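Below you'll find the structure I mean.
Labels A, B, C and D are assigned to the chains in the order they are written; within every chain, residues are numbered from 1.
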Amino acid sequence: MNLHEYQSKFRFADYGIPIPKGKVAHTAEEAYTIAKDIGPPVVIKAQVLTGGRGKAGGVKLARTPEEAQQCASTILGMDINGHEVLKVLLDPASDIQAEIYLGVTNDRAARKPLIMASAEGGMDIETVNRLTPEKIIREHVDPFLGLRDYQIRNLAYGIELPRELWKQFATIAKGLYRCYIASDATLAEINPLIIDGSGNLLAVDGKMSIDDSALYRQPELVEMRDTSAEPAAETEARAAGLSYVKLDGEIGCMVNGAGLAMATMDMTKLFGGSPANFLDIGGGAQADKVAVALRIILADPNVKAVLFNIFGGITRVDEVAKGILDALAEVQVDLPMVVRLVGTNEEEGRRLIEEAAIPNMVSAATLADAARKAVAAAQAS
Amino acid sequence: MNLHEYQSKFRFADYGIPIPKGKVAHTAEEAYTIAKDIGPPVVIKAQVLTGGRGKAGGVKLARTPEEAQQCASTILGMDINGHEVLKVLLDPASDIQAEIYLGVTNDRAARKPLIMASAEGGMDIETVNRLTPEKIIREHVDPFLGLRDYQIRNLAYGIELPRELWKQFATIAKGLYRCYIASDATLAEINPLIIDGSGNLLAVDGKMSIDDSALYRQPELVEMRDTSAEPAAETEARAAGLSYVKLDGEIGCMVNGAGLAMATMDMTKLFGGSPANFLDIGGGAQADKVAVALRIILADPNVKAVLFNIFGGITRVDEVAKGILDALAEVQVDLPMVVRLVGTNEEEGRRLIEEAAIPNMVSAATLADAARKAVAAAQAS
Amino acid sequence: MAIFVDKNTKLLVQGITGREGQFHTEQMIEYGTHVVGGVTPGKGGEWVLGKPVFDTVKAAYESTGANTSVIYVPARFATDAIYEALDAGIELIVCITEGIPVLDMMKVRARLDQSSSRLVGPNCPGLLTPGQAKVGIMPGHIAMPGNVGVVSRSGTLTYEVVYALTQRRIGQTTCVGIGGDPVNGTNFIDVLQMFEDDPETEKIVLIGEIGGTDEEKAANFIANNMTKPVVAFIAGQTAPPGKRMGHAGAIVEGGSGTAADKIAALNAAGIKVAEHPEQIPELL
Amino acid sequence: MAIFVDKNTKLLVQGITGREGQFHTEQMIEYGTHVVGGVTPGKGGEWVLGKPVFDTVKAAYESTGANTSVIYVPARFATDAIYEALDAGIELIVCITEGIPVLDMMKVRARLDQSSSRLVGPNCPGLLTPGQAKVGIMPGHIAMPGNVGVVSRSGTLTYEVVYALTQRRIGQTTCVGIGGDPVNGTNFIDVLQMFEDDPETEKIVLIGEIGGTDEEKAANFIANNMTKPVVAFIAGQTAPPGKRMGHAGAIVEGGSGTAADKIAALNAAGIKVAEHPEQIPELL
């Protein structure tokens, strides 16, 4: 789960990190009032859970409240990578003398939190890593010991931070690490952390990602989830206990198991089509879950065909087939469907599908066969 | 540093451990009011930083406020192992169905906190350990992971605690461990933890020792130090940065270094005397520190002779000799003194002492010689 | 022979009285796994499916001599269950539970590295040595004894592959699900080394997916340390960056962890990579 | 030869600009110890006693190749200094600082046990290899080169013994102060093993005191693993129970850690125990 810039920064502030005294506006009028309130010049920034908002025109500088209102009205409602802008953050414009990167993430290979700093702030850290990896100073943090003072000094020394800023930097680094741990974050990043005109450090932009597995113990963060910012289908899928990711293709996929779902997506591509989604319906595949999954898939206007790929393991395939047929009684599907059932009692399962004789549904024995049929059906329809 | 029973229990309560709703009285009149307030029967317990108060008559049961007043007046002012009773704790008397021991200490050999439980509560854990060691259930706690739920279950299972009390027991054990860690304790002990008449657990007696080295980060605990409960000399010594422990013998010892101080004490015993104190004046041995140390030693009426044993290492012995002589100009000493100076520039140091020709001071070359002379002088005076 | 589990496995089930725990215990017993008991705090002394239930792993271990434990407890209690098994001296711990926070797993893994116990999982289907023992949730009847070792980060995709092998009468020594989490107890290299050392295993199937760099490390390990042929499959070629594909660990982050990178690394190491799962039997 | 420190020691001083650090650095340099630099955060780039000062141990290590570090920083910063040295890869860390909380030292020790570095101390006088190197605060001129290894939990008591040896022309290989804290980095057994392995050390003096059971363990170790003669002395026979005798670790607790127990254990192991420090040279 990702947090908006304003959510991340406001949370950073709770951990003693200095941030610009900005506010969020939902309308252009609100933007006007806020700009007047905090005093221009202000920066108006689209709050969307995607990158590249700068290039898309989602960040603007305004010299007057009127200008702020105008900018906000341009940005609000904008579509950035498929995300509609519903909120803007207005920050007092900062006098940027230098831009630093500071971030904590979990390094899965080292199995430790990793704190990184770079004097090359402002651009994304992957780009810095590609162009000038030596400019990133890295310290792995022992999860039991936490971030130690000497590690912060190693970072400050490594990025050649002026010594008079070491103390401020230490407060910020410690705050960021504490925030990362306390929030069960997988990423907590300040970019840029600027040196402003008065020679102080200020966290001008921020980003946080939260470990979904830890949300059960982060009720405050769950409250922050901005469902308006994600495709409605993902919200619905989450509520139903389904794992769904929308993609751009035309073949709706319904699979049990994440790995098999990915393999199924890949197969549609291999045979010339492309997947409309990732969808893992999990174990069992009861009729009600299949029904919700079907509705989600059908809600995507790009979908031209639906591919069911179900492996019956502990749950027998014939039972799964019944679940699918029950769901089809509930949900009207006009698109072509390909059903591939494999595993325990697969013959019986296939027989049930065939006996149901649903006109727009065909059965397939192998995954390759199923993918081929789905691609053909999608291209035909 | 040790805490009183009431201090320990009140602190336990801050960590969610149920304790009797008791109060502290400094006078018999106060005891009357409290007993009336909390409702008799009450237990009146001497608050002294020493063991064996029960045997000494420092714990009494009172059935009426008048009886409570009477008991308090008996206990207050009592001398228990050389400690004067200045406070009593009045607790509502508990209906004791069973007595459990629960304690956390640091196991220096394992280098880990150790939590122990025993169904044989009420008597001290060393006695249980000597008589029936198998009745103590032990769990070492990883200092990084803290006390885990399964370890608490191991304790509860091991002491055969009725299952309906496991949840209460877990709350108490977790609270005790958190209290131990948060207080930088070296011991946090509930003994007994009783099962009362209504079948609940209650911490009836408690004890805590705090790591002196951690007091710098425990200002709240430093405030709790009861200097009225310790020999005035120890308070004075601590304030002067001296390490002093009062003993029962007649030879006052002033030594630089803890190990050498103990060896010096042992030597007086070896040659037929006994040490009046442990006193480490630390490095350097400036005149002002020596003067304070001398005053502390002389304040003990048992002292019959004073033994200086100073090893000159980085600090030269002649400088130390000067420090002693300067101190003697400040502090009037009528008792016989033996001075043994060894190490760098020892001849020069001894010469200075001899030249000063203090009538009641003799010099010694070896530690054995010094101890023998001090013992002889003490016996003669 | 086989790896991890076999006829000598003496299995303890942590969370045996739960819905999932009880269901799969029944399946494991039916398969012939030697289940010696279970643990559910507060239910010690009861019996489930003819097996004794204990309050603590320590008590269960002392009473049964279990050498393996499988964990079905809910995520918020799962790390404690792992530590408990570890502390009691269980040699092999298999954690089925999904949804353990990654910061918790980092700590678990650090503790494991200091012990002689091994953890498989979490968020994994477990282990299956056909004809001998099944520990976890894999469907037992889709497998048959043979000489192919299977190791995978996935669940049903593994079953799919195992089933495809079995249908072609290609049996398996052991099927190992290492789990889909970013930090786990056992990785590809650990299992590859065990298969390399196992005299019965002749060929190996490795099933990877997007996220992390374990497949790249495995490729390197195979090239430098293994004599037995390995066939691989990587799921997630069509997965978009920055999106988690069901498994907590299946995510392309900062340009790292793509299927393309993994396939390239495997190819560079001379390992055959199947275009789709059904191709695997042919490539073996 | 010698143990721990010698002519090859390249010493870094953590806290070099502090009062104590600077004073003892001067003493160590005078003695001939090869001091390569110091660390004081915020003072990198300065020079002290002709030695470069660095902001971090990492920078100092990279620039000087130090293999040993000695710590003179105040107690509340000392654990961080130990971790910093450890993390930078310093092989031998000597911590003079007194007053580190015991819970902190338990964690430090757990980390140390996972590394290949060694810590001597804290709360110790350091190390002295007469004629070669002095690391810490021991007075250098009271010692002379020879064949007796000295290991002790104490400070001045050690000097007393070393001085007594030197006055009788009994020289030392290395004098080791392991420190008076209840949890430390190096214990008697570690040092005894090193003396046993050191070809130049022919005899050993062990100076213990009340508190803990390290002397008992040492007695057992000597009886079972050592060929070289050991003479011991234990301080604190007249110390009362429950009272801390200056050193954080010098306390008889719950009837354990008495001098009588330690002396009995040493005697039972056939080790000569001196009645007083001045007897030690005779017993050697």
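Following the convention adopted for this analysis, a residue touches a chain if its C-beta (ideal position, glycine included) is under 8 Å from a C-beta of that chain, and two chains touch if they have at least 3 such contacts.
In this text, all values refer to a predicted model and were calculated from it rather than measured experimentally.
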| item | value |
| --- | --- |
| B-C against A-C, pair bridged by the larger set of C-beta contacts | A-C |
| Reference chain C; chain at largest CA-centroid distance | B |
| Chain centre separation (chain A, chain B; CA means) in Å | 58 |
| Distance from chain C to chain B - Cα centre to Cα centre, in angstrom | 54 |
| Interchain centroid distance [CA atoms averaged], chain B/chain D, Å | 28 |
| Sequence positions of chain B contacting 2 or more other chains | 142, 144 |
| Where chain C touches two or more other chains at once, by residue number | 107 |
| List of chain D residues in touch with chain B within their complex | 24, 27, 75-76, 99-103, 105-107, 109-110, 137-139, 141-142, 152-160, 163, 180, 182-183, 207, 209-213, 233, 235-240, 243-250, 254-255, 259, 275-278 |
| In the complex with chain D, residue positions of chain A that touch it | 142, 144-145, 148-151, 153-154, 157, 163, 166 |
| In the complex, chain C residues that touch chain B | 41-42, 44, 55-59, 77, 80-81, 83-84, 87, 107, 111 |
| Chain C-facing residues of chain A, complex | 106, 108-109, 111-113, 125-126, 129-130, 142-144, 181, 184, 186, 211-214, 216-217, 243, 245, 247, 249, 255-263, 265-270, 274-275, 278, 280, 311-314, 342-344, 366-368, 371 |
